[in-house]
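Presented sequentially are two complexes of chain A, the first with chain B as partner and the second with chain C.
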Partner chain A sequence: MLEKMIIGRFIPGTSIVHRMDPRSKLLFVFLFVVAVFLANNVVSYAILLGFTAFAIALARIRPYFLINGLKPVIFLIIFTLLLHIFFTREGPVIFEWKFIKIYEEGLRMGIFISIRFLVLVLITTVLTLTTSPISITDGLETLLNPFKKLKLPVHELALMMSISLRFIPTLMDETDKILKAQLARGSDLSTGSIKERVQAVIPLLVPLFVSAFKRAEDLAIAMEVRGYRGGEGRTRFRQLSWHMRDTAVLITFVLLVGVLLWVRK
Partner chain B sequence: MMDSRNKLKMMIVTALFAAIIGIMAQLTIPLPLVPITGQTLAVGLAATILGSRYGTISVLVYLAMGAVGMPVFSGMSSGLGVIFGPTGGFLIGFIPTAFITGYYMERTSFKLPNAIIANILGMFVALAFGTVWLKFIAELSWTAAIMAGFVPFLIGGFIKAFLAAWAGIMVRGRLLTNRLLLA
Partner chain C sequence: MKEIASMHHVEFSYDMEEEESSPMSTKALNNASFTLYEGEWLAVVGHNGSGKSTLAKLLIGLMFPSSGEVHLFSERLSEENLWETRSRMGIVFQNPDNQFVGSTVQDDVAFALENNGVPYDMMVKRVQEALEQVKMKDYINHEPHHLSGGQKQRVAIAGALAMHPELLILDEATSMLDPQGREEVIEIVKKLRSEINLTVLSITHDLEEVLLADRILVMNEGQVLMVGTPQEIFQQGTELEKVGLDLPFALRVSELLRATGVELQGNHMTEEELVNELWTFHFSK
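Up next is the complex of A and B:
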């Protein structure tokens, strides 16, 4: 669990998708997520599925990692499918058994919506499997730069994200230590009345939050001593570079939307 | 000098709270019948301890972290796909939840009865948001959406709201007396 929490789901590699600029990948995924909702018939969903398969092939991701990424959401997809099958009551009845009635429209919608989620999850998984969280954060910061004019604290948000990413493993260690320390003192979460168990949670939470505040104070002093004065005029250690392939990604997106608009009902 | 350091410190605290939400989202408190997931509890705690402004930002940072692929959502899931998925409304709903919970206490007081009301208010906002989102994204009927997204979480929600208020006020009190948090 700890190892997973350090790098996220990023798998290093050298495919063309790995080498793309995080900005172009992010832009593409954001736009794609919106474009997915354009699909509304068999052909348009087939195009989406085909395109997703193409992206996966380009990224040369081993199926194992893809399936691993799908695992937490597969339940959600099945859940939506079932909700539609049992609750959407339109069109002719195609199956009837005792009190269960399945309608054609319910089955059709269920399958379409499931494909929609499958495509959404797969394409975002490609992004997170081929790009490290830190470089996505960098890309996000540069992409959002124009919003600085609207007084959106872009630099501060990106900094908070980096700090948060950096401290997840540390705080997990800490949580684990507190849990063990309280267990050793006889704290018990799995027996007793509801009131007793709720009470047993308090001694776990208090030290965790107090230590977060202490850590923040130390880090603030350390940053100030090293001359941190906010985002103005700050130079970057990691530089991003835009290539032809990144422009190509955006052109591909425009083409994809054109085709979707053409084939949808 | 002191002021800018405090601002920097609060920024870091907010970032660390986002990390804590991500960690607590992986934990479940085993209560009989209604196991409590740490995610909503942590959001309530963040709002109760930090107030509306920083509480809301920490939720934003948490969601952004999940969006970029850190497995911080419940069940170690992550990615934009989860946010835009059928249950994404519960995640996005954390933003207004944190804001309203914090804002209610800022308007009244950071005392236990108000904290409980604020957290219950926040819980309803989260559930309503999640249910409406579920209805439209999964294109369900209202009955189906409410049966799947609202009713099953009510009892757990009340216990969580109470726990978040209680623990939150207690932690806030300790931080204030130790001058780690400036009111």
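Up next is the complex of A and C:
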């Protein structure tokens, strides 16, 4: 189940979207999320859908892979669609059978909101599928740089994020090891009442936390000894480079907003 | 010979308040003095709690002695020159995972360079060089969880080398590795010593590592028990066993052989030396 989930996963590749600067992608997705709310009629929603399909094609993501990975989200979208269809009571009735009445406005709203939801999920998934977590962190760090003036600890936040990302596999391995050790000692995680199962997790979490704290301490010492003194006077090894294609992304966005403003009611 | 690091009558105790009331033996370091010369490999040995880890922590300025002085690169280590001093040495710790800061091999090697504000072009060059020195160039974009323990430690050594250090401290750097990983790391340190004039201080349990050193420093209960070449130190067989240290296998075998009446000539530090004497034993009679 979790293997198939693609939300938040990164699939390395060489498409033009993969090679874009994380800053332009992040900026675009952020602005796009706002711009989606401009759409309010059939043409504008069709443009959004079309644009999203174009982005997916550019990123060379197979539609089947995407649909398969987003199954849980698609169920959620269908659920909201049904809610809207059955519970919005505006406009003329277009279908009536026994106690079920479907109104035109309900159908319209349901479809529009589902498309909006779908487009948002798809475009953010394209971002995470084509950008490694560490580039997202780098992109965020540079984008948030102006907020340093407002005393936002941008560098520290980015470092925290990159260290967390780096330690996820390490802690996963550790969890697995502890789990096996506890199973060997007769702990039982798969049977019993919910209360018993929750209690069985405690002997898993306590050693994990203890070791995580130990690791944090070791890491802090290792970082200090290697000369880490905060963000001041630091240079960066991972460089971001802005290309024509990144400027093109932003121009595309401006055009998209222009078209949306023109076709909306 | 130029002096790289030294300690002069250093005392240290982890629990400052109890120091007054408790006897001398609870001190982690008690009147410890030694000198490390340029280009040599000094191995620090001692059983657990003998003060050898404390020694390392004082050398890298994580703690300061309660009395006595620590000198590095002919300057007394203090709060003021701490960062400057640290940029001139590299330390590799015990746990390969807990000292890997970067998300990929090259990011980790660059970490100390970034911290010291080295310009980008220079960083790229130094990272390449350092990874080449530890033979990890093919793994430049690998993530840490795809590396073995020995490879991670080699990356840690590269991280230190990138700063062009004068002193490399190995704080039980091989103790969590499997035999193969240990071999890899020791090979690299040996290779580096022949290529660049690197001074090495290794704190270790591993007898193979100890035998490679130029000099050995034996710690016991916070005191420097003895300092000398491996030959000198291992001649004190029973003394060493008293403070809880093992003797190299070859040395133990040759002692046992002598005890049963086999008249062996030399002192055997390594198995090779012992085997060489044994197979020529009947000729030399």
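Brief remarks follow.
The rule we apply is simple: the second predicted complex is superposed on the first by the 239 of 265 C-alpha atoms of A that agree within 3 Å, B and C clash if a C-alpha of one lies under 4 Å from a C-alpha of the other, contacts with A are read in each partner's own complex, and residues count from 1 in each chain.
Operating definition for what follows: a residue touches a chain if its C-beta (ideal position, glycine included) is under 8 Å from a C-beta of that chain, and two chains touch if they have at least 3 such contacts.
Just so it is clear, the model here is predicted, and its values are computed rather than measured.
Partners chain B and chain C, once the complexes are superposed on chain A, both fit on it without clashing.
Of the two partner chains placed by superposition, A:S241 touches none, neither chain B nor chain C. With both structures placed on the common chain, the touch criterion links A:T88 to chain B but leaves chain C unconnected. Of the two partner chains placed by the overlay, chain B and chain C both lie in contact with A:I163. When the two complexes are overlaid on their common chain A, residue A:T14 makes contact with neither chain B nor chain C. After overlaying the two complexes on the shared chain, residue contacts for A:A212 are found with chain B alone; chain C is out of touch. Looking at the shared chain after the overlay, A:G233 reaches chain C, while chain B stays out of its contact range. In the superposition on chain A, A:D173 makes contact with chain C only, while chain B stays out of contact range. By the document's definition of touching, of the two partners only chain C reaches A:V225; chain B does not. Judged by the number of chain A residues each one touches, B leads among chain B and chain C.
Distance between chain B and chain C in the overlay is 8 Å (nearest C-alpha pair, rounded to whole angstrom). In the superposition on chain A, the residues of chain A contacted by chain B and by chain C overlap at 163, 165, 214-215, 219, 221, 223-224, 228.
Across the interface of their complex, chain A is touched by residues 60, 62, 83, 86-87, 91, 93, 95, 97-104, 106-107, 110-120, 123-124, 127, 143-145, 159 of chain C.
Contacts from chain B toward chain A in the complex involve residues 4-5, 8-20, 22-23, 26, 29-32, 45, 49, 57, 60-62, 64-65, 68-73, 75-82, 84-87, 138-141, 143-144, 148, 159, 162-163, 166-167, 170-171, 174-175, 178, 180-181. Residues of chain A touching chain C in their complex: 134, 162-163, 165-166, 169-170, 173, 214-215, 218-219, 221-229, 233-239. Listed in rising order, the residues of chain A touching chain B in the complex are 1, 4-5, 8-10, 29-30, 33, 69, 72-73, 76, 79-80, 83-84, 86-88, 109, 113, 117, 120-125, 127-129, 131, 133, 136-137, 140, 156-157, 159-161, 163-165, 167-168, 171-172, 175, 189-190, 194, 197-198, 201-202, 205-206, 208-210, 212-217, 219-221, 223-224, 228.
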